[in-house]
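Next, two complexes with chain A in common: one pairs it with chain B, the other with chain C.
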Partner chain A sequence: MNTSSTSFGFDFSFSIRDKQIESINRMLKLKQNENDTSTNWQEVWKILVFDSYCSSIIAPILTKGALRNQGVTLHLQLHSDRQPIQDVPAIYFVLPTLDNIKRIAEDCKNKLYDNIYLNFASRLSNELMEELVTLTIQSDTVNMITKLYDQFINFISLEKDLFVFNQPKNSYHAFNDPTIKDTVAQEHINTVVDSLFSVLVTMGVIPIIRCPKNSTAEMISLALEKKIAQHVQQTGSGGANLFSSNNEMGSQLSSFYRPVLVILDRNIDLSVMLHHPWTYQALAHDILSMNMNKVKVDVNSSGQTTRQTYDLDSSLDTFWQQNSGVAFPSVAGDIKTHINEYTEQTNQLSQMTSYNIDEIDDLKPPKEIQTKGLGELLTQIRAKKRSIDLHTNLATALMNQIKDRQIDYFFAMEEAIITRSLVDKKELASLITSPIQGESGGRGTLEDKIRLLLIYFLSSKSIPTSEMEQYEDSLKKMGADLSSLDYFKKTKAFNDSLAIVNSGPSSGAGGSTSKTTGFIQMITAYQPVESFTNMFSQGVRSLLPKSKDLFVTRIVESIMDLKNSPLESDFHYLDPKITNKSNIPKRATPFKEAIVFVVGGGNYVEYQNLQDFSKKHNKKIIYGSTELLTSNEFLQQVKSLKEHLN
Partner chain B sequence: MIDRTNTFFESIRKKTTDKQYILQSKSKKKDKDRVKDVVLEISLSILQTINSLDTFLKSNKEDYINVVQHMSSKSSKMSDQERDEIDKLSIDQIDICNNSIKKLEEVINENYIKNSKESLEFYQNKKKGKSNQLLTTTAAHNCDLVRDDPNDLFSLPKETLENFTPRVIFYLNIVEELKFNLSEISNKFKKLRTFRLSLKIKENEKFSYIKDDYSENSKLPTSNYLSNQLNIEQANLVQDDIEFNEEERLIYEKQNEGLISELESVADQIQVINRQLEGISQMFDEITPHILSHKEMIENIYSTNVNSTNYIARGNNQIDIATKKTFDFRVMVLLFLIISSLVLLFLNWYQD
Partner chain C sequence: MHVYSISIFKVEPGQNAILLNIVYDVSSFSFWYRNEVRGVLLFVSRETAGRTSVGERVSMEHAQKVCHTTVGSNGLSAAVTTDSEYPSRVAHNLVRMVMEKFQIAHQEAKWKSVQKDTEFPLPELEGILLKYQNPQEADPMLNLQKNLEETMGIVKKTVEQLGQRGERLEDIAAKSNDLNFQSKAFMQNSERLNKCCSYM
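Now for the complex of A and B:
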């Protein structure tokens, strides 16, 4: 489904996935001139050669059928032993690295293919180009290279409004390790800046950049702003501007529709990475380790348990598209509705023919049936059956885990802690100190308990030492490794001390009355009326529904609506189009579109929360991160970070 | 994307001084000089045939389905005979393409598949010394890199991919793509044909209703001419045929009159609608800039409202704080006055 606003004859689709598919399809077309209608046999059938990173770019967005429709009838790994197929052009889609350049030169030397069209996912540096030139001259195979493009699509789109980079690996560790070398840190920053630049080029927008000060996000934002500004200035005098090439209206569109790019550091909200999710997609990611839209599920059929891999593509699976952000209990009801529809259609089919849908062998599609005219109905029924099988198995696997680990209790408790409406501490103590699942009275795994304790620690202003010690002791007795808790304790203490240093004497209008207010407070220290009203208002607040927006969502809301709230008081305002940095005119109208990028890891909980907010307020938000982490993966990175510090 | 081909060739030119080499590096081989693969040539010709059929169907689509309105249509009038010819041509073309694809499959089977397994084993034996990672000679190892579309009926199954070399898989995928293209075109053609035939059936039904109506009314002749005809018909057996033909002619004439009047009125209405549409589009062109400026104004108003709401909220907060402070100040002053009056009273009493 496209998120597009079509008005006045042009289509501005704010979907990262659709834009990336357009770019890749453009790359796969070899015709230089769109008006050239002659069919050259060289340009019809092609081979696609990609490296492992670029295969992960293509895998979530294009199927084999889609590649075949573009004429790509064979796709191969770059670093694999390949046979020569000499009459056919080959499209190479790789990252610009030295290993890849060497391998391409070797392919040219071995004359594997007829013509080679090189497409680099990001900018090929001059040094690497020189290396390629040298190697091809040495082997006298320069004429094999027909074209060389920089594509600027080195990011992975998982949904129409979700992207990741998957580099650098272990990004939270990489960006928070104080022992890291400067050169390595700069490399990481350059990698992220390159990928973000590619995202913006693909979207065809030059955004306003907002980022918090004194963080990795600031360094990335400044580097990105500089890169965009340099490019715009270099191509300002009639040259090809990357940001306008993707739009029909050209640069006019990129200046009219300017979204805001909010770059945040993971440390801004750590509890969301540990939160037990409750929506369908987030549960599949957290519990079943869904990766790149693929999930492995244990399926019981006729007494045997097999491991099935399913692809979850919202562009092909309407059920997944509608229910990925829905709370898990409603999904079961929707599956039931789906099954009822399927039963009706199969009855309809059996009335029309004597064909039994259950006897179809999936490996051999019944093409003959299509010619009888019932093809469409049959295709629909088969698709529905596949969808039902997938989601029934998936939901069953999730349900079993939820029941065994009592994840619903953990979720409810964490919600209460995060929204500061925790009343029943006994339940909290029970969840943490009770035995692990499998034992009598067991509730949750060790990781679940550690996560709950970490969220409690991070979200509470102060916890009695005795209470913390009690929880830590009980977890240690169960064999838990609490190094991640030690790490968070240190960082929290450090942040608190920074906050005290930064909060100086109050200034401005409040300063002159500070003494009087202090005096009044001394006199009125005990006012039963006031404390009673406070308690009453707190009590009312606890009855009223709490805002379910996460911290990142509240920041994004404040930025998009130009509320100038304290949440964004310490944020930069960067505009790459403005050369005079001392006087940047700020935007007066609220933003309708935003790209939110979190450095150091993100997850589906945060993504879903942003999407819920965007739907409620009729906004469009694209969420991205260096990588999508499950809570366990995040804790592993924190543990390794703690070990590094030790 | 940025095309850096010229930069690449310039770097080559800088590095080399041999002009012949530069010419060779810049020139492209002509298609005629390239070694042509038979399978690729055949596949291209099949694809061209399919594309030409698609173009042919698209160019004649409007006339082909205009079964009812062909009399008033300004475009070329197509008779039913011509339509039938198009049907026949299309079916023949589809059959030719089908047969060509089958022949292509046979060619691939004979020349490549039978030898493919042997060459695969030979190739694997040749590389036996290397580590397992390098023995990925078949595309089967690549088949998990890109996922299948479960609704794609033309995707090769994994078992096929595991048994053949990349070249064979390349050819087989070409065949599947040709089948896919052909099935799309033939489905399109079937839909057009079905649509046209259904329109024809509706027309025939209409005709049969009118004929039934007329045959009922024919018992009471409405005109003298008709009654005279009927009298003549009764006298002569040969005139039975004429009577039937005249009856038919009358039906046709009546139908024609109805059609002509309907078409004339429809044509007039269409002209009126065309003029009105032109007028509407002109109005839209005039209105659009106003709407754009309104949009700007509304956005400004909205932002002003948002800002004013924020200011009002802040103002209210300030007023609350001020009220509280005023209250505190008054309490302080009152206390001071009371205490000072008490002190005065005390002093007064003390003095006394």
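Now for the complex of A and C:
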């Protein structure tokens, strides 16, 4: 239990990442209680054995160094060949599946480790527990298992306010498949409910739940409410339960501190899944397929191209933390500032010593560095250089694609459509019907054009048939597969409420009204870092997006501020703590904190929009989904759904 | 041939019909649509029953689904939704039978006084729904009286005729509390109206 937080013992850190790290560190500590001094397990080396899902939980939040700080010297995959290691406790961290149970039993039989601590990311069922006991009794190795815990952490934290489940796989398809068997559908619901339960246990909160009536989100919400209520009732109102152990003060406080959990279906807003992004992190995801905070970038240096994999960790990389949500053109300016700071620091170092930064060998630093206490400065300089290289390479790779594909134009047009601003029809037609990039007069890839057309279709009440035919014919001639459009024609209705009221007059040069002139002038050549000041110097006009609330953001705002607007008139109000359902006392003060979960996929555009809103209104919002999808991944799932409709 | 729902309402002219009981069989629809379908079935039943005059026998058809209803002189109404193959005569017999059973089970004074949806239990309704999935079995007279529809005076209506004083379906849908946001969206655009139940 974490009692080391603030002076009052409160811990209101509304950060899912921090809370999950706390849970994992508790798991790794092995101490029975705070006062156990009999054996100081913390200082004992341990092995960590995990399955692939649990390793994907740990990867974004704990570095190898952080694991070593907890005493973990070696980590191994469960389903791999492993040798016996004596005298070391082994901590297992796995999903509760039959395959995993069988492998654990086999490890016991082969006497790989002396003491085994089993941690299941979610509750181990009775059947599987019995199976484990049976198998270990057979090999007479039950005693090898020292402890067994249910951890309730089967979800993945990517940021302090962003999480995913990565199950069920292909969740948009899974939750919209018209041919799905009842039993499979129920399994999918259980999977999501289970992970949502873990999110709440980890955060130590029992929220008010809001969800639309008569929807898949409703099925999940009702099941989740039931699960929480059962748990609370079983352990009694006065006793400690799963929620209080993670947030002792939080659970006893009045409803003032309870957040709201908003559960929505992906179908509530599909345009956002196709929208070209314009902020740094969202671009890295959509254009370069950043996944689980890792991104692969092709780097050109002295004529050679190499593929680098970068880790984007906002808890370690301050530049990333400050710029991940920033409009891309501003990032360029920020990199420039970053470089200037680096140059200042290296000059500082040169002045204070007789050495130039390039002359210092980190493995054998000159004595002068130590005697003058400059070790810290040197470390900072090295870290800054790494960060500069990373972001220069990343931003350049993004800029090249933006330039080649004219993504800025697609973004601006889509914004105009989504915000119901005046749409320049000629420009729209040009973007869609012009040739593919690379050819003369080419604009955008085929996928870019399809995305734009889909957004236009989904956002417009009625489009003249001739106009649609013109666009469809152009695209088909270019070889486009329009089955996703066919799918949306059959299943999705236009919704007037999706219109976003323009939030005021256009702000200066950055308005979202159509621009026919190019607004990004690109540098074509990559410059080495030393002359970086030239880069981006040719007047990158900043197209600062107005703060525009997307549909999900508007729903969340209405719910948090208790507006009772028509947006949420068909929403349930569920309170797992109240047993008498006929009389639920409703919340009187606006919510300061929310967890927003979308069933069937989400993306960084939606995430960023919620973050922009929360910053502006001094709220805290955690966003999560079954998976984070690039537009192409989303469209693949839509295509596979279309096949079922035939 | 399917019966999708049986519902019972208190109907007062000029007001929303008040729901007294409803049972569904949506097993023939895909799993993910069932929740939404229930909402649509309730909406259709409530609006059709609520806009039917006393003594009229109405079968309102739209997109291969039919809502059969009648309203008694005391304001009690039952509505049965089926597919378009289901014989209307059998459906209307079912409507009348359900109304009789309800009146035996519950005193008129009790249900006449409710002002909002209130459940008046009728446990046998589930079994009746199951039985009537097979109209032959439920109503053995079916074969002998195939063409009795004409003599029974069933009024066939379309969804456009539901509206009073120029109301369109979109307006009715927008005001309804039975439909969620997605379903209302479907009813917003007359071009798409014909497809509104295509997934069903």
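One rule holds for everything that comes next: the second predicted complex is superposed on the first by the 545 of 646 C-alpha atoms of A that agree within 3 Å, B and C clash if a C-alpha of one lies under 4 Å from a C-alpha of the other, contacts with A are read in each partner's own complex, and residues count from 1 in each chain.
Just so we're on the same page, a residue touches a chain if its C-beta (ideal position, glycine included) is under 8 Å from a C-beta of that chain, and two chains touch if they have at least 3 such contacts.
Please read all numbers here as calculations on a predicted model, not as lab measurements.
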Based on the superposition on chain A, does the combination of chain B and chain C result in a clash or a fit? fit
Which of the two partners, first being chain B and second being chain C, lies in contact with A:N267: first, second, both, or neither? second
So, does A:T589 touch the first partner chain B, the second partner chain C, both, or neither? first
Now for A:K581: first (chain B), second (chain C), both, or neither, which partner does it touch? neither
Looking at the overlay, does A:V133 come into contact with chain B only (first), chain C only (second), both, or neither? first
First (chain B), second (chain C), both or neither: which does A:P212 touch? second
Determine, under the contact definition given at the top, whether A:D182 touches first (chain B), second (chain C), both, or neither. second
Which of the two, chain B or chain C, is in touch with more residues of chain A? B
Minimum CA distance, chain B versus chain C, superposed model, integer angstrom? 17
Of all the chain A residues, which ones make contact with chain B and with chain C? none
So, in the complex, the side of chain A touching chain B is made of residues 8, 23, 26-27, 39-42, 44-45, 47, 50, 55, 58-59, 62-69, 71, 73-77, 80-83, 85-88, 114, 119, 123-124, 129-130, 132-134, 136-137, 142-143, 145-152, 240, 242, 245, 294, 311, 313, 316, 363, 365, 367, 370, 379, 382-383, 386, 513, 516-517, 520, 561-564, 588-590
In the complex, chain B residues that touch chain A: 1-5, 7-8, 11-12, 15-16, 24-25, 27-29, 31, 34-37, 40-41, 43-44, 47-48, 51, 123, 127, 130, 134-137, 139, 141-142, 145-155, 157, 159, 165-167, 169-171, 173-174, 176-177, 180, 183, 288, 299-300, 302-303, 306-307, 310, 325, 328-329
Contact footprint of chain C on chain A as seen in their complex: 175-182, 185, 212-216, 218-219, 265, 267-268, 461-462, 490-491, 493-497, 567, 569-570
For chain C, which residues count as touching chain A in their complex? 30-33, 35-36, 38-39, 177, 179-186, 188-189, 191-192, 195-196, 198-199
